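Below are two complexes that have chain A in common, paired first with chain B and then with chain C.
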Partner chain A sequence: MHRFWSLLFATVNLACLGLVVAAYFTTDWWLPDAASTQAVQIDWLFYFIGGLCAFFYVATQLILVVALWRFSSNRAGLANPVHGSHVVEILWTVGPLAGLVVITAVSFPVWKSTKYQGLPASFPIGSDAKASDPDQVILVTARQWDWHFRYPVATIAVNEIRHWSEDGNPTDIVLADELHVWKGAQVQLLLKTTDVIHSFFVPALRVKQDTLPGKTIPVRFEPRLSNVRFDPQKGTLVPGEQPKTWELVCAELCGGNHYRMRGKVFVHPDKASFLAWLENARQKSRARAATETTGNSSRSAMPGRPAIAVADAAPQSARGRTSDPVENESGSSIGNQTAEDSANP
Partner chain B sequence: MSDPLKSTAPTNGADDSSHAGHGLSGHDHGPTGFFSRFVFSLDHKTIGIQFLFSGLIFWLLGGLLALGVRLQLGWPNQAMPLFAQWFPQLAESIPSSWGTRMSPEFYTMLFTMHATVMIFFVIVPWLGGAFGNFLIPLMIGAKDMAFPRLNMLSYWVLWPGFVFLIASFFVDGGAAGSGWTAYPTLSSAAQPEPVADAGWDAAKKATAEQNAEKSPEKKAADAPKEPGLVEKIMKRWDSPAAGQSGQGQVFWLLALIFSGISSMMGSVNYITTILNCRAPGMTLMRMPLTVWGMFITAVLQALALPVLTVALFMQLLDKTVGTVFFLPPAGLSFGNWHTGTGGGQPLLWQHLFWFYSHPAVYIMILPAMGMVSDVLAAFCRKPLFGYKPMVFSMIAIAGLGFIVWGHHMFQSGMDPRMGSAFMVATMLIALPSAIKTFNWLATVWGSRIVFTSASLNALAFVSMFVIGGLSGIFMASTPVDIYIHDTYFIVAHIHYVLFLSSTFGIFAGIYYWFPKMFGRMMSEPLGQIHFFLTFILANATFFPMHILGIAGHPRRYYDPTLYDFLRPLQPLNQFMSISAFLMGLVQIIFLVNFFWSLFFGKRSGNDPWSANTLEWQAPSPPPHGNFEATPIVYHGPYEYGMADAPEGRVAQTDLPTGSLTAHSTLAAPSSLDRIDS
Partner chain C sequence: MPNPLASRNRQKTGSVRKWGSWALVSFVPFVLLPFLSTSCADREGYPEDLDYPARTDLIVDETPKLSPNNLSAPGAFEKSIADLALVGGKILDPAANQDPWRAELNELLKEHFGTPAFPRVGASKDGLESAANALNLDPKTLELGSMAYRRHCLQCHGLAGDGRGASGIWVHPAPRDFRQGKFKFLSTSTARNLNRPSRDDLVRTFKVGVHGTSMPAFGLLAEEELQAIASYVIHLSIRGEMEFTILRTLLKPKSQIVFLFENFLPDEEVSKDQEKLSVFVPKYLKEILSQYALAEKSILQAPEYPYKDEDLPESIKRGHRLFSSQAPDALGCVSCHVDYGRSSPWQYDEWGSVSRPSNLTSGIFKGGRRPIDLYWRMKRGIPPSKMPAVTITGGDEDKKIWDLINFIENAPYPAKLPPEVREAIYGKSGRLAPAASSEKPKHQ
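Up next is the complex of A and B:
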């Protein structure tokens, strides 16, 4: 009977390990596509730490299971009252310490290369002098409960970014819940929020950054896979190299509809495809603005800003995004909604 | 026991001046009135048991809230089964529920209140309040706490907290729903003026006029009642950010303030008692690790809780009187509605909150670590492998615990360079935890394990703490945390630490000390069945959360099936929900065992487990004043496996003999000279 408990501990731990292995081989139960350069580095770190942890996990559980098997009170005699050993204590202090030092040492460069970019250089330590200028700057404004992406039509000079992030330009294209970038671009997002804390999280890009009321927070990444391209003939988006939907989620509780801040990430294969799409969006937006001046203008949630073209996913609106009917109404006017459907095989 | 020093030993424990008003009679008998014995008792044992029972009630409430969360996650958007059928009216009148379905707001309330109840009203009161109160004086050989009256107050101050907590479920908007972390500005945004909604007022007026036309006599009944002063004030707390961030949040803040004050009173008392009221010969390095755990926890609480209390008051002021501690200078816009200008910082709350709440994680595990060490040594019949490394590890955890709070904020918008510093400190704090684990394993190795409900739960603690500890290393690494922060990986981690470790430690403690508390044994077969099922089901409930986290499943999502990348994970979500419901059912076995044993359990002697520590020298249950005579301590707490001692063990009070001292970890008590002076 006493060995029953040893077997229980062994079984439960094996089941846990088994689930990890099974999940690795199950589609969509593991890390999503590594669609950015930092995703590759983060995944590598994840597996490195995972390997070290698996070693300590298996070792400690094995010791416990064997101990439960061998040392029950059924054995004759007293326990060996051995206790205290400087050598052993030092060994099992130094061993894990070495592991932790290595983990810290390999983590730091990745952290530095992902998050230190875009920091002001005023503080000498850690500002990344090698950081190149961004190829693309997008202002992201979160609010309860959607994301607004503001795309400048022309390239913004580096020293103008700060000023632009405050007021924007009247020519900017603003889209709800759609992030468009291109493969290989140094993308710089500027995250803002108008109300509460949200968190910009794209699992496929391994990008996560909270937005903070009153602050503009820079985020840098470089996409390395592309999932759509713009087809100028059809005037829509079509599936690209990786025909996948990459979703943007909110990772910080922001109220009841926290779970509905769904966005989509479109990575174009090159800058040309992105520019063609942007031009298309600009024309659509202009045409829409022209019709809207004649219609009612009560909807502008953000007064003094360009009209918001919403190319929201159809299933999302179908799921009762009824809180803001105007969004649904305007969503039908933009061309790439059909593209969106075709991008979802 | 014939102790020659017995007659000469002076009274110890609480000094007489503080004992003067304690009880009705002299120092031999306790108070006799019902109220002074069972309700407003000054006796640390009664107070401990009061904490135990309060915690038990809130444990059930917190568990039910968790099952509500699991219901929604397993089967999103379904009508609440059974509940909606049995109580249709109630289900529809739940604050902001969608008919018989729960609304997203209701869901945020469920997980917020689940965490709040479990952390602040179950684990902290159980570990610190129940076990701390009951065990500290008994284990150090004191008659009572140093400040019995303060001790009583520490329990009764919790009651306003209970009232606010329960009442918050019934206020307008429902109980708090901004997470147990209550991050501003979701939690703190307030309206400087009551909102005058012209459209709404006009509509109300029109309805009233219509009614008046129909039946003038009904006019009086239908006219909007003039709200009372309390309603008017409470209405002003309504939040533009979320329905539950209004009155519910104010009640939440008040409940936590009272719970914090209770813990502060307790911690001051524990520190004083442990430093001043130890029995003769009970040197610090002879204290059982449970007492060490409680002592270090008390120090943590005394230093960290004031910070949380201040933060809670700041948020309360933001919500009620219009201060702007957490409102950024430009203010906030909610749709077309603006809060007005601020001047504060939302991030300030996160710093203050985690400055307490990271140490709080250790407050919720260190006492359990101590208790598990005691239980393991007693049932392995073997000295704890490294007593001093265990003590120093706990001190190291407490010390480092104060400089790692930033690891909750790696992605918060805090300067990433600070994240680097917090990563180094966080990696370091993994070390003492590892040392403790290895010492437990070395204690089990070569022992003679007696498998009881208590020892099984303690062994499970060791096994599961390894998982909880190792998963913490992933999020300590800042780049990996970019991905897994605020995903289910974190949820898995906290439940492996707080449920599969702390709660299993609490189970071990209840099975182990129940005979001392109530003089009766709990049923072993029931206890082992309960352990067996809970161990399996808890792993089935919480381990798959790691997988969800690895796949990127965010926390606090009402309906994950909205997302393409989360839909394939739904089978796992359902599996976890089913496991959770079964686990909830299994706890009935524990409750039955607990209450049945309370009245019909086999009577236990003073020392049913042949354990060495002082509490087993006292009668079960111990009378007022605990010990028949003040115990005198000659030995460390874990002298098991002694070949030449009766039963193979040396109790802490056993007289040192020539042959025994050779095995003693410490020589004859140096503090004996204190007795003579």
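Up next is the complex of A and C:
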């Protein structure tokens, strides 16, 4: 078996390539849904760099396999070392350098469009002249170990956003672990934390940003896929165009329950659906009357397993909060006011 | 330079090749291992041979009259309970007493409440099955709840619901110790001294968490799971209360079993030969279950909201007066919520931990921030934390309570307050820091 090593390397490499190809065609193993506009750009970057690396990977492994094959027997004789070649040395410096420069050049616009949106025109680095005011502003407060989202009910002028983020309104709706946006909205999240460093990470939106104590950090994105719709008749969320679950997870170790610090992202198809849901949530958060006990709903649940099955996960978990119009006190609207808004002078 | 391909060196290269191949091949199963293992942990319950441990931690019989001046240091909650005895509190030590009735008590608890893997409420001969089932405390629901509790709640709230789980001993405020049978955020009536939670009270707490503490929101769990956990928590609470009640009575010197009947089942006629723990436990269990059933039917309803939007500023002003004035027709809440809660004095609660009247300018409402939640907090109080139920005299109670709620709701938002109220709370600039620095107790 003189050619054993060559065959081994060839087999393992083919197996790895095969896994990559299989992963591409099996949804769960590849990239999540590109649910935001910046997801499309970031994914393109991923494929471009991946393709470039794949080219070099295949090329080097091919050379290795062929060399192992041809020189596997001692009949091939001694090697003939190459002692320096100026041309080759220049080529293998300039070539990769050019590749890296290209990668940098294509990365910059993507970085700019994700991190520098909505800057004032006077800002020196690539402020986007056509970046618009956000359609939606939500205050996100991370705490050990859940996420609070504060939705304004009244419209806030752009120059009032900062005050609102610090003061708030008593009529704001505060929910735990539920992010609601609509397709095509320019969403601005203001990230805060009440205790330690957390990280707001939604893989489907390709949004990740650490939350730092003492800071309010803005994040912008625009959803392009919708997974739920609010049904005013039923008063609940129902599956939308893409009945998928998009999770929010904490991406910075923050204590014993960091692994379970999750939330769900609900993208409505349009502003009307979002506003209908918002009004429904507002009424619940202003509940002035106790309502009847509703008892168990008719869905079956598997104990210990959160409802993240693909088919109707979004409405199922939402239904846990808004199971029927009667159950006013089911608590989707009872997050609590963020502490630092009022406590920090 | 030796030729590595010459025959005298072939032996070494041959063995390297053989062992090297085996080393490489043996890696394969390790690479595949993560893909082969599946997470079955969420289907597992407690080990079947695990029993609830007999209670060994200290029991707080009476909290000290003095105000505390120390918070417990992290991880030192037990020590702070022990230290209550040094400042005038009364502590009972279950470990100091090993009389025969202790073993009998443990047997009775196991008989009537089962084990963590197979919990139940009531032994089969008690005849309490229908009462338990009506409260969703049937064995099947409790088993589901036990599995879910183990997965979601155990690490803070502990095996027996003692609040001393692995994570629980490090957080402040401490996670709820269910074993006294007391809860803070209730919506049920206080008539007949009933202080039981409704099932909805518990489920609501699960869904939104308790802001200002480390209790997170569990709203993403399925509704059935939350209901099952509520059942299991009630089970832990009833079991704990049974144990706590008996220990607290019998650990005192010169205590007799008949005291249990006298104090906790005063309406029961008990003959001399019935003064036994085995008689007391099922009877008291029946009493507790009937209290829970009554609580389910006694949810407090708030009066209808009498105001329109334009009435809000005046309502806030009236509420502010009710809160801060010491006049006979006002409530004088400010006497405990000193400086609107910014300088509240520290005090002991019924579990022996240190807390204080809440800071109403912070915007943190532990029991929920809806108007109805605030109504419940004030209408029926928070007994274990010594928040009294608000009693309004002088007529017009319906309007006055809503005035107070409107004030509390808007107090954290200076911009939303009428000018006089804003000035009273926040000073002239409107965004002032607290008027007096609240003295934080030092850690031990």
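What to note about this one:
Everything below uses one rule, namely that the second predicted complex is superposed on the first by the 269 of 345 C-alpha atoms of A that agree within 3 Å, B and C clash if a C-alpha of one lies under 4 Å from a C-alpha of the other, contacts with A are read in each partner's own complex, and residues count from 1 in each chain.
Just so we're on the same page, a contact is a pair of C-beta atoms (placed from the backbone, for glycine too) under 8 Å apart; a residue touches a chain by one contact, two chains touch by 3 or more.
Bear in mind the structure is a predicted one, so any value in this text is a computation, not a measurement.
By the touch criterion defined above, A:R262 reaches both chain B and chain C.
Of the two partner chains placed by superposition, only chain C is touched by A:P170; chain B is not. Contacts of A:A289 after superposition: chain C is touched, whereas chain B is not reached. Shared-chain residue A:V88: touches chain B; no touch with chain C.
In the superposed model, A:N159 makes contact with neither chain B nor chain C. Ranked by how many residues of chain A each touches, chain B and chain C are led by B. Of the two partner chains placed around the shared chain by superposition, chain B is the only one that A:G214 touches, whereas chain C remains out of contact. When both complexes are overlaid on chain A, the residue A:Q144 reaches chain B and chain C alike. Of the two partner chains placed by superposition, A:Q233 touches none, neither chain B nor chain C. When the two complexes are superposed on chain A, the residues of chain A that touch both chain B and chain C are 5, 8, 78, 143-144, 255-257, 260, 262, 301, 316, 319. Residues 2, 5, 8-9, 12-13, 15-16, 19-20, 23, 27-32, 38, 41-42, 45-46, 49-50, 52-53, 56-57, 60-61, 63-64, 67-68, 71-73, 75, 77-85, 88-89, 92-93, 96-97, 100-101, 103-104, 107-108, 110-112, 114-116, 119, 123, 125-126, 143-144, 194-197, 199, 201, 203-204, 206-215, 217, 245, 247, 249-260, 262, 301, 316, 319, 344 of chain A are the ones that touch chain B when the two sit in their complex. Across the complex, chain A is touched by residues 3, 5, 17, 21, 24, 42-43, 144, 147-148, 151-152, 155, 166-167, 187, 198-200, 203-204, 207-209, 211-212, 214, 216-217, 219-228, 296, 299-302, 304-305, 359, 361-366, 368-373, 375, 409-410, 412-416, 431-433 of chain C. Across the complex, chain C is touched by residues 4-5, 8, 74, 78, 143-146, 148, 167-170, 174, 176-178, 255-257, 260-264, 284-290, 293, 296-297, 299-307, 316-317, 319-321, 323, 329-339, 341-343, 345 of chain A. By the touch criterion given at the top, residues 103-105, 107-108, 177-179, 183-186, 189, 241-243, 327-330, 332-336, 342, 345-347, 380-389, 411-413, 415-417, 419-420, 423-424, 427-428, 430-431, 434-435, 437-439, 441-451, 456, 459-460, 462-463, 466-467, 470-471, 473-474, 476-480, 482-483, 485-487, 532, 535-536, 539, 543-544, 546-547, 550-552, 554-560, 562-565, 568-569, 572, 638-643, 648, 663, 665 of chain B touch chain A in their complex.
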